[in-house]
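The structures considered in this document are given below.
Across the two complexes that follow, subunit A remains constant while its partner is subunit B and subsequently subunit C.
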Partner chain A sequence: MGGGLPPLIGAIPEMECIPAAAKRIARRLRTIHENVDEVTTWADKRSADGAGWTGDAAEASDHTSTRYARRIAATGAALYAGIEAAHDFESDLEALDKERTELDTARITLNDEIRAAAAPPVTAPALPGGTLSQLLPGGASPMPLLLDPFLATQLTLRQIALSSAIRTWGENVTAAEERFIAALAAVDTYGEGAAAVDEVEYTANLGAHVDNKLDDLVKKGVLPADVAAMTPEQLREYLIDHPETAALLLRPGPTANNKDGTLDSIIEDAKENIGTAQDLFDTLSPRDAALIALLYPDEVGNMDGAPFPVRADANLVGVIDALDRTEYALAQDPSGDFRTELEDSRALYQSIITNDRQIILFDEGHQRIAELHGTIDANTKNVGVLVPGTFSDISNFQVVADRSQSFVDADYSGGLAMISWQGGEFPPSLIEAASKGYADDLAPKLASFSEVVQAEIDHSGAGPDTRTTYAGHSYGGAVVGLAETYGLQADRVLHIESAGMGQHVDDPSDLPASQDNVDRYSMTDEDDFISLVQGAPGGHGADPDTFDGTTRLATGLDKDGDPIVGLSHSHSAVFQEGSEPWENMFQTFTGGTVTTFDPSEAIVLKGDSPHIDEDSDLGKQKVDID
Partner chain B sequence: MRIVTAAGAVLLCLVTAACTDSDDGSEMRDAETVAAEARAEIDDLAQRLGTDPEVRHDTLVDCEVGDEDAGKYLSYNVHVRVEPGTLERLRTEIAADYEADGWTVRQDPEGTRFLKGQASIGAKVYEDKGGAAVFGSGGCGK
Partner chain C sequence: MGVTVDVPPGVLKKARREWDEAAENLDGQWRRLHRVDTGGLSSEVVVAFERYRETWVDELKADHRKAVRFHEALEGVDADFTVTDTQEAERLRDLLPWRYRNATITDSP
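Moving on to the complex of A and B:
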């Protein structure tokens, strides 16, 4: 400060980053984060069971591991940190930009004052060619012609302070940029977002595998050349019109049976367990899922864990083929012994195809068939499974299907879904109904199926309060009862004119602990001679009506113990809609209010546990089911 | 064990006899005729309850699986749209009319059923959903 004027302050550097740019970066990061988040959610589901691919799919399998889910979750977290950093950077830049404006205003003002101080007195001539700063190279300060020492000192002090503030501002800008760069670097490090991209590519590749499969089948002459342009719905229609193609898809010959492709391996692996199949179909687009169902009908139709609608798509191919073979058999032997059965089977198959019915289990050779009535979705409150009895086979499956449908149609709320289940061979005669062999075969299959049903419920968006009821009619009652010994996953069990509680099930201690919370109900019409075999030595286990803990329901007795009207008293007429036993079945399936066998009591089934409702205005005491 | 099994078979054979005989020994009516009467009754009840009837199910079902002699019964279901107050109207005004016509009235949680002879018809009203299911059967016929 030697009495001279301070030098002019040079221009403040422009900010390389501006708030709007930071905002754009944050927006882009947010978009990436959302995408990764979706992949993370998807990967979490995939890794839930920890099941992996094998063989050709091993590499793909690695991507489905828990480790991967964690990795992309970390990527998501890093991206989120990046977004936060971008937001912070944007705020910093806004403040720094404002500060720069203020500093620049101060700088211009100070420079003007310095120039004024350096200017000659009034008599000084105007400078030619521009301002003083423009005329002085390097911004060097002019030598004042007349200098006020006090003014010079003040200007110098202000110049020093302002220069310092500008330096600090510059350092703050650099620090803000470095913080942001560090945050982005962290994103990039984790951001093996490449990994996420890999997974997305894997998903996309599944679609490519489907297309490759279509191409392969076209080359082998199984499918027409224009199949690539078809939607799944169009391919379905094509198969209906071309049952010979459906047969080839079900039973590919040596040439077409080339099951060594990547997709073949993936499908094969998905059959291993419910979780793997769920993972696969969670990954597929609706188009690819529908196409896989049609291209792999034998594998997907009965694949545990494949969504029921997808299983139904696949089994449609089997039904198309079965219809074709049934019509052929009828044409070959129009007056044969099995004509009635064949005609009934044909009517069933035609109805399934025409009405787009949901067949979720189909194996004609082993007389296995099951149908979903209604839908299992977020609106579902109850799922009932109805198992028929003696004489049941595919030709008369329509009977149990009609019975199940009657309950679904009566529930206008749409909260009830029913499944008609004939998962194997049933006794073809009453003599054979005395045999336990059929139940021995059917019971474990039903127990296994109950696991599939529960998985479908859990995966469908239906709430955890969704309840399942397994009902067995006649011999089917013994099947349901015996299935309990295999851990049948049921909330309620209903015996309808049941043959018994199942072989060797004589009291509750014969059931595994898994069945402790199962609520059991039974109904047997007084005039039904099935009561003669219930509990008979060497028969199908204990009498369901007197089994400890079972609530016996009314089948149509009035308060005097006389049969009520509206029921034909026979073994199966209990299913007539609107009858007392039908109403009790409906109330059991829907968790409503049932009427007990003792007409002086009625039981309300809603609530925490069945209880007698003495205040009910429904005529008698009622019991809640839950 | 073989003896026991045979005994079980004999008992089951009794079921055959039980199932193939009608309850009162009377001749079974024509299944289509019984079904037509029941269908008319159900349609009438549906009309009294609401509008826009939609037939959901209309089929003849075997009374006994594997026994053609046991006949068939109608399984019939119609959905209609309803207004608030329909359930109360069903329980009171409509039920009274049916009772006066000789039907036995059974009140259920969601609605009411009417029973007469072998016929059973009923309705379940879901006012929160704006609809009702009307259904029933006329009993077994040949």
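Moving on to the complex of A and C:
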């Protein structure tokens, strides 16, 4: 940027393909497809009912009709694929056309500003021999006598950004055309059309299998006769009012245990791996996906690769059932802590049902639960996963859920989604928190769950720049740390009042190569008793605050700017909304700017005796997270 | 080895008519596909669409021709049956008393 003005941006080329053309093709193909489909249906029906022929003639007629129906179905499938491709192309072109208009408006505005900056600030007196332009070589525009260098730089930067956006737009136009061409090329031979038939039939058959399943459950009296006319939303409401039906769907006894065989095996296959489940739910219509979730709650609720909203639909059935059993237990008039736990669980389940909360993992028997706060979609920029610590179970899940929700509520951009994860049993006491057994069980599950979260992000349309942060509080820190040894798929890891980096994780060389690019942050309040055990021999691995490469964050002040104090209080007071540590967590989850720990304020509890580290003079610093 | 052909005349006629309708329908569809306007598209897209269209126009034409052949075959069989039935009926009429010599022989519905 040498201080000169940038060149004007030339006209943006018109799009060669226009949305109306794609729309016209889709409409024409649809008409042709409907007519061809009529012939296919007729030929299929002839072969199915024999068309009134008997004997050898019937066999010949049936054979002819079947072959003819199959032959012409290939054309139908190719036409259908063409319709879908043209529709997609039309949508792409409409969006690109809109973008072009916006870019062109921005271009005209910027060019006007560049011209204005280039114009002489005052009207120049007439020159002998003509205007200034006429006197300049080649009739070039005159440069102002006094050019504001700041304005010139600003205009240059905008010109570069806009030129880049226009280039990207042009590339997107080409990409849209290439997608359409590829979609047509995929069905431009008879063989490809015939292959497409199988795909279309598979999709159609899935819907039929769902309907068969519904019919079967109606026949057995599990579901009401009018279920066929219900929307998935109405069926959900019905199950809320009829928990006994929810129980039957979860645990089908001899009465309801006659599932549609094909659908049953398709769902079993989908449980095998993430990709198979994603393919299944990509194929299903939204209605069929929601119905499968409600009719197969036990299978779909925790199915890796099933979209999170579908998992939430399925787990609602589990929660309805759990609420019913909890109310039954409370009706037995229990006392003491057990009663309190049941009441807390009941409040949680009621809140989930009433507020349509998204429970993406639920297994009451094994104390497994996870909730998605916000949504993971094309607008998502960051996904945070918060793992709580000792004492966590389903009855107090609301605590971690509220903490996660506070971060989502604070993010006005809507780009942050949080997940509260309690994927198993946590130590029920401080004595048991010394045990590594719970972390041994939880860590591989968390690592596996991180793969599912990444798959959901990748499949949701969120861009490749979406970042994940795994944060563990207290014992949860040791779980997150140990999960790294299992290849936790994280961009950032945050230890909050953490018990340690995980068993046998003493320095970065103890972590697999997959963790090389993970950014690590840690915060421990000076007063927190946990600093006594961090890095202790035989404990939960290295001290996260001093682990090589970790950025230690400030924790000192509450929301009013007063120090957070108290051996026990400070352990959880860091979650006070608006406090310095809460703000640091929020900035870590959203990839913002964190405030680092000031060693000069440190009361060092580790070592011989508590003391203030007065040697340090680094002070707090602001650090941008990538 | 004998082949049993047991087709009620009404069924044969219905099948003949339906194949005729299918042929006519498909004849209209290949023409419609052939006429799809590609204006407003880039030359690369037009080339891809024409390749796609050519395949399925040809296929629809072939399906149309097949339907026509089935229709014509059934028409032929129907005509043969009618001729055979008429000949048999005439032979039967010859065996009947004189007063039936001008009895009308009609095709079944």
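The rule is short, and it goes like this: the second predicted complex is superposed on the first by the 393 of 626 C-alpha atoms of A that agree within 3 Å, B and C clash if a C-alpha of one lies under 4 Å from a C-alpha of the other, contacts with A are read in each partner's own complex, and residues count from 1 in each chain.
By definition in this document, a contact is a pair of C-beta atoms (placed from the backbone, for glycine too) under 8 Å apart; a residue touches a chain by one contact, two chains touch by 3 or more.
The shown structure was predicted, so the numbers you read here are calculated from the model rather than taken from an experiment.
Asks: Considering only the touch criterion stated at the top, classify A:Ala228 as touching first (subunit B), second (subunit C), both, or neither.
Replies: neither
Asks: Once the structures are superposed on A, label A:Asp411 by its partner contacts, choosing first (subunit B), second (subunit C), both or neither.
Replies: A:Asp411 sits against subunit B, while subunit C stays out of touch.
Asks: After superposition on the shared chain, which partner residues are touched by A:Ile108: those of subunit B (first), subunit C (second), both, or neither?
Replies: Neither subunit B nor subunit C is touched by A:Ile108.
Asks: When the two structures are overlaid on chain A, which partner does A:Ala208 contact: first (subunit B), second (subunit C), both, or neither?
Replies: neither
Asks: Could you tell me if A:Ala378 is touching subunit B, subunit C, both of them or neither one (first, second, both, neither)?
Replies: neither
Asks: Taking the superposition as given, does A:Ile160 touch the first partner, subunit B, the second, subunit C, both, or neither?
Replies: It touches nothing on subunit B or subunit C.
Asks: Report for A:Phe180: first if it touches subunit B alone, second if subunit C alone, otherwise both or neither.
Replies: second
Asks: Determine, under the contact definition given at the top, whether A:Ala11 touches first (subunit B), second (subunit C), both, or neither.
Replies: Once the two structures are laid over each other on A, A:Ala11 reaches no partner at all.
Asks: Under the stated contact criterion, what part of subunit A meets subunit C in this complex?
Replies: Touch list, subunit A to subunit C: 16-18, 20-22, 24-25, 28-29, 31-32, 35-36, 38-39, 42-43, 46, 51-58, 61, 64, 68, 71-72, 74-75, 78-79, 82, 177, 180-181, 184-185, 187-190, 193.
Asks: Per the contact definition, I'd like the list of subunit A residues that touch subunit B in the complex.
Replies: Interface residues on the subunit A side: 388-392, 396, 399-400, 402-403, 405-406, 409-414, 430-431, 433-435, 527-530, 532-533, 536-539, 564-573, 575-580, 582-583, 587, 592-593, 617-619.
Asks: Touching residues of subunit B toward subunit A in the complex: what are they?
Replies: 1, 4-9, 11-19, 22-23, 56-57, 59, 61-67, 70, 73, 75-77, 79, 104, 106-110, 113-122, 124-126, 128-129, 131-133, 135-137, 139-140
Asks: Residue numbers of subunit C touching subunit A in their complex, please.
Replies: Going through subunit C, the ones touching subunit A are 3-8, 10-11, 14-15, 18, 22, 25-26, 28-29, 32-33, 36-45, 48-49, 51-52, 55-56, 59-60, 63, 66-67, 70.
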